[in-house]
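What follows is chain A paired twice: with chain B in the first complex and chain C in the second.
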Partner chain A sequence: MGAFLFYLYAIIACGAAIAVVLNQNVVRMAFWLVVSLSSVSFLFFMLDADFVGATQLLIYVGGTVVLLIFGVMLTSSGPYKTIKSSPAELVQSCIIGLAFLALISSTVFSVDWEANERRLAEFEHEAAHIHDHEHGVGHADHHHREDHSVAYGYNAEKEGNTTRSLGTALLGVRFDKDLGTTGHHGEAKLSTGYLLPFEIVSVHLLVVLIGAAYLARAKRRVEIQDA
Partner chain B sequence: MNSFLLATTIENWIEGGSIWPLDLIFSLAPAGVWAAIIHTALVGAFFGLPAGVLIWAERKVAGRIQDRLGPTRVGGRFGWLQTLADGAKLIQKEDLAPDAADKMLFRLAPYIVVVSSFAAFMFLPFSEGLVAVAMDAGLFIALAVLSIEVLGIVLAGYASGSKWSLFGGMREAAQMVSYEVPLGITAVIPVVVAGSLNLGEIAQIQSGGIQNWIIFHNPFTFFAFFVFFTVTLASNKRAPFDLAEAESELVGGFHTEYSGMRWSFFFLAEYASMFFVSALGAILFLGGWWTGVPVFESLFESIAGTLAWILGGTLSLLGVSASSDYLAICFGRMIGMTVLLAKAGLLVVVQIWIRWTLPRLRIEQVMTTCLKYLVPMSCFLFLGTVLWPLVLMTALGRTSLVDWDSVGERVPIPQQTVVAPVKPDTEAADEEAENISDELNDDSVTQLDVVSANAVSGGSE
Partner chain C sequence: MDGISLNLFLGVGALLFVCGVLCMTTKRNAIGVLMGVELVLNGANINLVAFSKYGTLGLDGQIMSLFVIVLAAAEAAVALAIVLSFYNNHRTVDVDQASELNG
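On to the complex of A and B.
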């Protein structure tokens, strides 16, 4: 069931992405882009990354594409704006696309997935062990997988309750890493969060906002009064 | 013990073996598939039925405000079947697409609108636990999904190949891009107060008396509700913000070229999302499914208890054993749902009332209202809500202005009942009661055991 849905959304995402490239009508391209981005957000939902999926929907599908269509509507001269690319542009874009594909594939294949899975299994085993220790439970078979995570609200973190962890991580606090691990060897261990990237992005956005306001402000005519 | 009353999810109930004739049907497909079908049907009912009732209410209220009677004949006394008659008429109409239209996008646009409006209902809790998808980022996802609706309207306006439609679509795009900002900020204000994005938790936190409603939490949330309400009017293209379909200037705006079912899809989606944002406002600010009067709550509890006692007795005469405690919880949640629907319905009536009272704004007035008034106001209210407990704590040493002997607990009431699959060893049964929700994912076990997590004492064995 999960695998079927994954393949369904993966095929829709890829097919719609190809349709974006093959279409020549700008608004239809935007429509296929919406389909592709929505399928990617469904994939995020399937991975229990609810917040990221919703952000994808809100920002890419709801925001960017609406702005794109709005821009096309305001700027196009004819009724249905089409893009016809010259052969030189085709070659250029092919080179850029293939280079990006090579970059992404080299990244994907350079990850040691098996080692990651082993590390994950170790981490879960350790967390279960800590849980047993804390609660003084003797028996060994203990497959509460979510027990080590800090549970907020109704759903376990594995079911998509990631908002709070994401928020605290962006503020530089990693409850998910640090809470279970203190007292294991006696010393407090603090993991790094993402406060610096968060601040850099915030300042960047502020600069963009001020720049946009500066560019779009009403131009006042300077009246030179001769004495 | 009937596992229906104990299951936290429908999937859980189907996996646990449902009642006799149904389990034969359910065995044909995985439980998840059946649960998805049942959820979709239920959400569809809540999507379609209020919309139908509200279209009738719109006609009646509009008629009364204009000193007319409105529909009187269809379906007997009050014309209450008028919506159905309209629907039957619209289905029979020819499905036209103009020559100048971009046919594919023209045909698809109504579906985008109706699907996004429908999908938002998945995250709306109707009462404690009565929600299709209980997500901890529920509010955020619901707003994200609802924001896609504008895309369908813009596409409809563009693809129609008509100047009127294009103008309507452009106005809608400009309006929506601006009004998303104050909508998001005012929706976050209750989140700051409640400390959760989960709509179920936000409503649970407002149990007890009316003083626990978020609208009365502090002066900023009080004004935030009215800003939120104004913004939802605009985000649903309701008058006085219905520039996208301004009949006096644009014929029909974005839906000028549509006919038949595709046209009615736009209206179904509009009334459904009117109901959705009203229910959202009720959950965020107006106490959700709580009446706000503790006397009523205990009255409802005893009514639910009596109904459960009667039904439980009847069922036991028929040979079905059902604990009246669980039945009482079920009935209590049903009554809660009725309260929420009543609140949302009242808010929709106010929307209709405003539509037939205020004249339409001009487009630049709409933009001024948003950018110059609503955005700064919502930012100020947000800041005030954030600072309020801090200032009170410094000045008075407590976080509420009046030292209420508050009836409700300002913590979410936990889910009360669950069905948990039994592990092969039942030693750890006591600890399971604490970690029930973790167990629900475990697919490897088939047997079922009934555990009462807390609060409910009877019928657990």
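On to the complex of A and C.
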């Protein structure tokens, strides 16, 4: 069932993206963009990222695309609704796009991601051991800690209940990593949170919206010479 | 979700990315170019969330994708304001007409 839903939404997302590229009419492009972004949000739900999926639906489909459609409505008067490219350009871009897609997918599929993850996990394991030996901490304590991190870490949220962890991480507290684990000397472990990027991005959003309102304000129109 | 590997999600992300790049390069309508940017950012987001589930990233990938979504919204607002300003001055949204800086 899960596999069927994945293939369904993946095909819808990819097909709608291709339709965005192939359509010449801006309004139809906006429609296919909505379809593609919604399917991507369902893919996020299938990846157990419920908050990211909901944000995708709210901000992208409900905000950004509506903004784009407003732009289409304000600018697509008469002949500018469809600006056609020549067929030769289309053929060229198709060839280049296929070559680009072949390059990216051959790169992605040639990597054995699971083996990489295993190697990374072993490396971290060995690094922790070396650190323990330097500081004279016994093996038993280390294994004990590892059990805790497995029990209370991110793995506890396999079902996609991520909202609370994301919220606390954006406020600088990492319950998803730190809960039940201790540092090398038995003190409370503190992982990196995202409070500063959160503040930066909020101020950035405020400045950007003020700037956009300033740029798009109603001005007296410049008279066209030959009109 | 059994049988669905990381590679399939990465493939979907790659296809969205390529579609977005093609959209950015071939569309002559400025708003079409913006839609291409949205597609590219979505392809990157799929990769981030997929690595967040299948890799050792944990929640960090999801947080990065949230930042990407917020910055995409900001970018769309500014770009649309620029397009509207261009339309007010030139009465068109054809990016080929924006050639005043041509040497």
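Rule of thumb we're sticking to: the second predicted complex is superposed on the first by the 137 of 227 C-alpha atoms of A that agree within 3 Å, B and C clash if a C-alpha of one lies under 4 Å from a C-alpha of the other, contacts with A are read in each partner's own complex, and residues count from 1 in each chain.
Assume a residue touches a chain if its C-beta (ideal position, glycine included) is under 8 Å from a C-beta of that chain, and two chains touch if they have at least 3 such contacts.
Please read all numbers here as calculations on a predicted model, not as lab measurements.
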{"item": "Chain touching more of chain A, residue-wise (chain B, chain C)", "value": "C"}
{"item": "Which of chain B and chain C A:Gly62 touches, first, second, both or neither", "value": "first"}
{"item": "Touched partner set for A:Arg118, first chain B, second chain C, both or neither", "value": "neither"}
{"item": "Which superposed partner A:Phe51 touches (first chain B, second chain C, both, neither)", "value": "both"}
{"item": "Contacts of A:Leu170 with chain B and chain C, given as first, second, both or neither", "value": "second"}
{"item": "Touched partner set for A:Arg28, first chain B, second chain C, both or neither", "value": "first"}
{"item": "Intersection of the chain A residues that touch chain B with those that touch chain C", "value": "51, 55, 63, 65, 67, 70, 74, 80, 153-154, 162"}
{"item": "Residues on chain A engaged by chain B in the complex (per definition of touch)", "value": "1, 25, 27-28, 31, 34, 38, 50-51, 53-55, 57-58, 61-63, 65-67, 69-70, 73-74, 79-80, 135, 137, 139, 141, 143-147, 152-156, 158-164"}
{"item": "Chain A contact footprint on chain B (complex, rising order)", "value": "30, 32-33, 100, 102, 104-105, 108, 134-137, 140-141, 143-145, 147-148, 150-151, 154-155, 158-159, 161, 166, 169-170, 173-174, 176-177, 180, 196-198, 200-201, 412, 415, 425, 427-428, 431, 435, 437-439, 441-442"}
{"item": "Of all residues in chain A, those that touch chain C in their complex", "value": "2-3, 6, 10, 13-14, 17-18, 20-21, 26, 29-30, 33, 36-37, 40, 43-44, 46-49, 51-52, 55-56, 59-60, 63-65, 67-68, 70-72, 74-76, 80, 83, 85, 89-90, 93, 96-97, 100-101, 104-105, 108-109, 113-114, 117, 120-121, 153-154, 162, 165-166, 169-170, 174, 176-177, 194, 197, 201, 204-205, 208-209, 211-213, 215-216, 219, 221-222, 224"}
{"item": "Touching residues (chain side chain C, partner chain A) in the complex", "value": "1-4, 6-12, 14-23, 25-32, 34-36, 38-39, 42, 45-46, 49-50, 52-56, 58-59, 62-63, 65-67, 69-78, 80-85, 87-89, 91-94"}
